[in-house]
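Take a look at the structures below.
Two complexes, one shared chain (chain A), two partners (chain B, chain C).
Presenting the complex of A and B:
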């Protein structure tokens, strides 16, 4: 099955394109210190708003900082943070969904009611409230996303587990006397992964736009962090005179989100048979809020 | 395929949202741009209203607070007080005083009793008479209230109504600045006693602004806009236009866009809503609008929280002074749209001289030396100095609502201080949060401005270095020795002796490094010259525009 999926994915050109972009950006982010020739926070006011040159390929911003270097260092803040956040969300959501689905009863009820609570909060409002109380910071935002966004994963895993519990191979394993742990880890868990992976990939894109959006309005990363949202905010005074200050970080966000979406869709086509596709969407509800 | 299409679409939408966000400001910007779009069609038709009324639209950065525009308070935008209310005298901008509601005045030998001869035949905009009774009513509303103790004229011993148009006021202290203080936008102005509910009682509740000034309030929608029209009873030269419409646009960039779209005719002014420095040169060069730039008497400075132990060390305060390149701020950061800061007050401020008020030169080596003398070392190599396990790290509070250029200033200072191993955490607050934090000492360092024009230096010094209202600490630094020096200067009626006393005051502020002066701002305006005629910059920050001379082409 894995072979089959891999082949399907490889044949999907747009998914591969997305994956390629993601990998390139990941490498750039990892080796930011080597690629970028300037300190992204080094202010040189005598060199502000410089046009593009050999030393500053995309020019400099209003504080004389290299825009390209800031974009490269921004990968760490935007992409890496989003990947980390999504990973933590998975760590919370998947086990909870598994417990709810497999154990049923009170545990199921408890987890699902918690999930209900988490899904009723609009993420923007809660983020505004948290930032209002604890002060603007990327860490506070990240906590809000984790607090709210585990719920769809838990739901998704739970429904898969409930379905899988009734399948013949699980019942056979039970009849053969496998331990609960083995049944969950070897038979159920691998089979719940496909929709989770697809959804998580798409979620990364959502986290990136949210971080950039909140940083743009001054509630996420704080200056001088080279966050793409912060860069957009810096650039807005220069929309007429130096549109590049807005264009490049904007483009960076679009490319990353685009890449994750392409890849996510490709994974979706490869991993999930057509008849199940609808079910995933139904279980997760509105995928972007 | 369908899903792929949606993903492409969502990416495009992201881009659109990002661009859309760029167009409007942070915070309240979203609503503003929405309302701006909605009203554009209406306002362009209003340039000259259907019945030939001449209207000028002006952008303002905050609400007019008309329900609190009480002459005897400190609420609401300063410049509106000067439009709606008048005082005894007015500041001409060149240090001389112009008689307004007092045509002449006599000062007693001891300098305590002022006899004001009032202008006759003046009416408030509600038609009631202005007379000695109204003056006494107004004075009683705020005098001897600690809230106003930064004024020397707040302490009054006696008020005597001699006749309908003569009133004698005996002040507790014979301060030299009593008459100067009569030019302030507040609280030394007179409102109609009938605009206080429970007519006749000085403790009544303020209802609506009614003064003797050239303008009166016509309509007011909170946080959106308000209109002023000429006061039909005004005794002096009548305004030329029929209406000035003020539109509240919080975000500086949105104000600029509003000017470009024709939604407003005038933007700028320190207390009305500054033009972003970044856009000023572009505006000037484009030639599309008439631009006006003039100096001010205000200065912007960093203030320390004296409760933070670290700042009790003079070496640290001086080091933070040495680390700032004031010249580069004015020339590079602001493209020359500002002056290099020297002392805490500009040289044009009375009694300030280049000897008594000076800048610490830009010298990072000296700054580092001072910090190291005080034991602040970077022992763990993270670039931040520490002493006894405590890091040299400060929260830096500022706001970009009144001064949009504080954003780049704050980031510049953050970078400058990181060079000497001081970590700065920026905290940009909205105007209310900023006001709360800076008056309740909820910061390590913050950006502040001095007052300007006739408030400097005397009232500004009292405001910044004296505890007043319900606070037992001064806003900038509580130094009892300095306070008594300021007081001596205020109560000195001899001009030469006063200069000496002020020398001591300013030298003390510089020597002790109670602040870090960072730059002296200019004020600027951009005017739609195709529509507005007769625009003149006003005499000072509190009278930013010569409103009466405005006309429509």
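Presenting the complex of A and C:
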């Protein structure tokens, strides 16, 4: 399975293309300090709205800050944050789903009702409420995403666990005297992973667009942070005179989201057999977006 | 015929396993007595729903809600398994009683390699075991159950093997665990005839090595070929028992006779 998956994934050109973009951007983000020649928040009014030049490849914004440098530092805010958030969502959702599926009964009921609550909240509305109460900040936004988006993962894992619990190989493991921990960790957990990995990859893209979206309307990262959403907002007033200010951050978001979606689709093809694909789509068709 | 030792390795007395639903009780196993001896194959035969699989799961202590063992004793190596805690029972499973299943391919985790399956069978009961030290032994065992290319098989995943190969691996897992009792729950019903025969031959050579085997089946042909003792089960009760020779020579119960008519053997499947 693992061998085949790798091969299938390697052969999938669009998935590899997506992965390449993701890796290049991640490296750029990691070494932002070395690549970017300017401080992304350094204001230089004398040099504002400069056209593209050798020193400022994409020009400068209304405060004279290097647009390319801000985009590169923005990788950390959007991609790194999104990956971190998705990871935390997994850390919350997957174990809860395992508990619900494996234990059943009251635990299952409790977790699933919490999941119901989480998935009935529109994320935009809750984000507005939280930001309204605690003030706009990326951290508050991130908390909202974690609070709401663990639910589809828990559901997905739960349903796989329930299916796996009844399989003969789990019974065989029990009959061989495996401890409960071994059965969960070795026999159930690895078999729940494929849909989770696929969905998590797609979820990263969703988190990126949400962060950018909320920052754009001023509820996420605050200026002068080099957030792509903030940059879009800055560029709004200059759309007629300097469309580049709007264009470049927009393009950055599109590229990243595109890359994650390509990669996620490729993983989907490689990891999940066709007849199960429908099930994953159905289980994750939540009303969050 | 091998001399029957006097004390059975596994003795089941008046075992009752019931399943409870809201307003009814299903008596899946209802007062079964059974003796299993080392170095003999004991066949448990019966139609679908006669309770033979529930019976084997009861012995392993693997009955989940809504099922429950309500009465009886299961004596293994001088202990009543019903009195053991779950933790003690875990040490019995796999180490003293191993089990192989009907769908060998389904009984192995698709993401775990064969070598890790074999190692798990050892490691579960011997935490100090090291994978590296065990590999030569694994190769030997796989050769022993008729798998010709053990190195390749050890590195394979279950779905890369055929059903017959998987069943041989299952038998090998039973062997490496070094269990004295092996429960084979319809081990050959999903295999083709030639594979079926060679798996049965493996079971017979295990018997000759002194292991007690419980062979659960609905196939009287298999019983006639391999088993030493047989129990006929119907509706949760043992209706006839004895050595295979005795029962085949003079079936007492009408149901046994019914089973032995060739047409109904086919119907049973």
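The rule we apply is simple: the second predicted complex is superposed on the first by the 286 of 289 C-alpha atoms of A that agree within 3 Å, B and C clash if a C-alpha of one lies under 4 Å from a C-alpha of the other, contacts with A are read in each partner's own complex, and residues count from 1 in each chain.
Methods note: contacts are C-beta pairs under 8 Å (C-beta built on N, C-alpha and C of every residue); 3 or more make two chains touch, one makes a residue touch a chain.
Being a predicted model, the structure only gives us computed values, none of them experimental.
Participant: Name the contact category of A:14: first (chain B only), second (chain C only), both, or neither.
Facilitator: First partner only, chain B.
Participant: More residues of chain A in touch with chain C or with chain B?
Facilitator: Partner touching more chain A residues in the overlay: B.
Participant: Considering only touches as defined above, state whether A:174 meets chain B (first), chain C (second), both or neither.
Facilitator: Only chain C is touched by A:174; chain B is not.
Participant: After superposition on the shared chain, which partner residues are touched by A:187: those of chain B (first), chain C (second), both, or neither?
Facilitator: second
Participant: Who does A:5 touch here: chain B (first), chain C (second), both, or neither?
Facilitator: neither
Participant: Can A:261 be said to touch chain B (first), chain C (second), both, or neither?
Facilitator: In the superposition, A:261 touches chain B alone.
Participant: Show which residues of chain A both chain B and chain C reach, each in its own complex.
Facilitator: none
Participant: Show which residues of chain B lie in contact with chain A when the two form their complex.
Facilitator: Per the stated touch rule, the residues are 3-4, 7-8, 10-12, 14-15, 17-19, 21-23, 25-27, 252-253, 276, 278-279, 282, 328, 332-333, 404, 408, 410-412, 414-416, 418, 425-428.
Participant: Name, in rising order, each residue of chain A that touches chain C in their complex.
Facilitator: Residues in contact with chain C: 1-2, 167-169, 171-179, 182, 186-187, 190-191.
Participant: Mind pulling up the chain A residues that touch chain B in the complex?
Facilitator: Chain A reaches chain B through residues 14, 41-43, 45-46, 48, 62-63, 135-136, 209, 212-213, 216-218, 222-224, 232-233, 235-241, 246, 250, 253-254, 257-258, 261-262, 264-265, 268, 288.
Participant: Across the complex, what residues on chain C touch chain A?
Facilitator: The contact residues of chain C facing chain A are 60, 62, 90-95, 98-99, 101-103, 106-112, 120-121, 124-125, 157, 159, 170, 173, 177.
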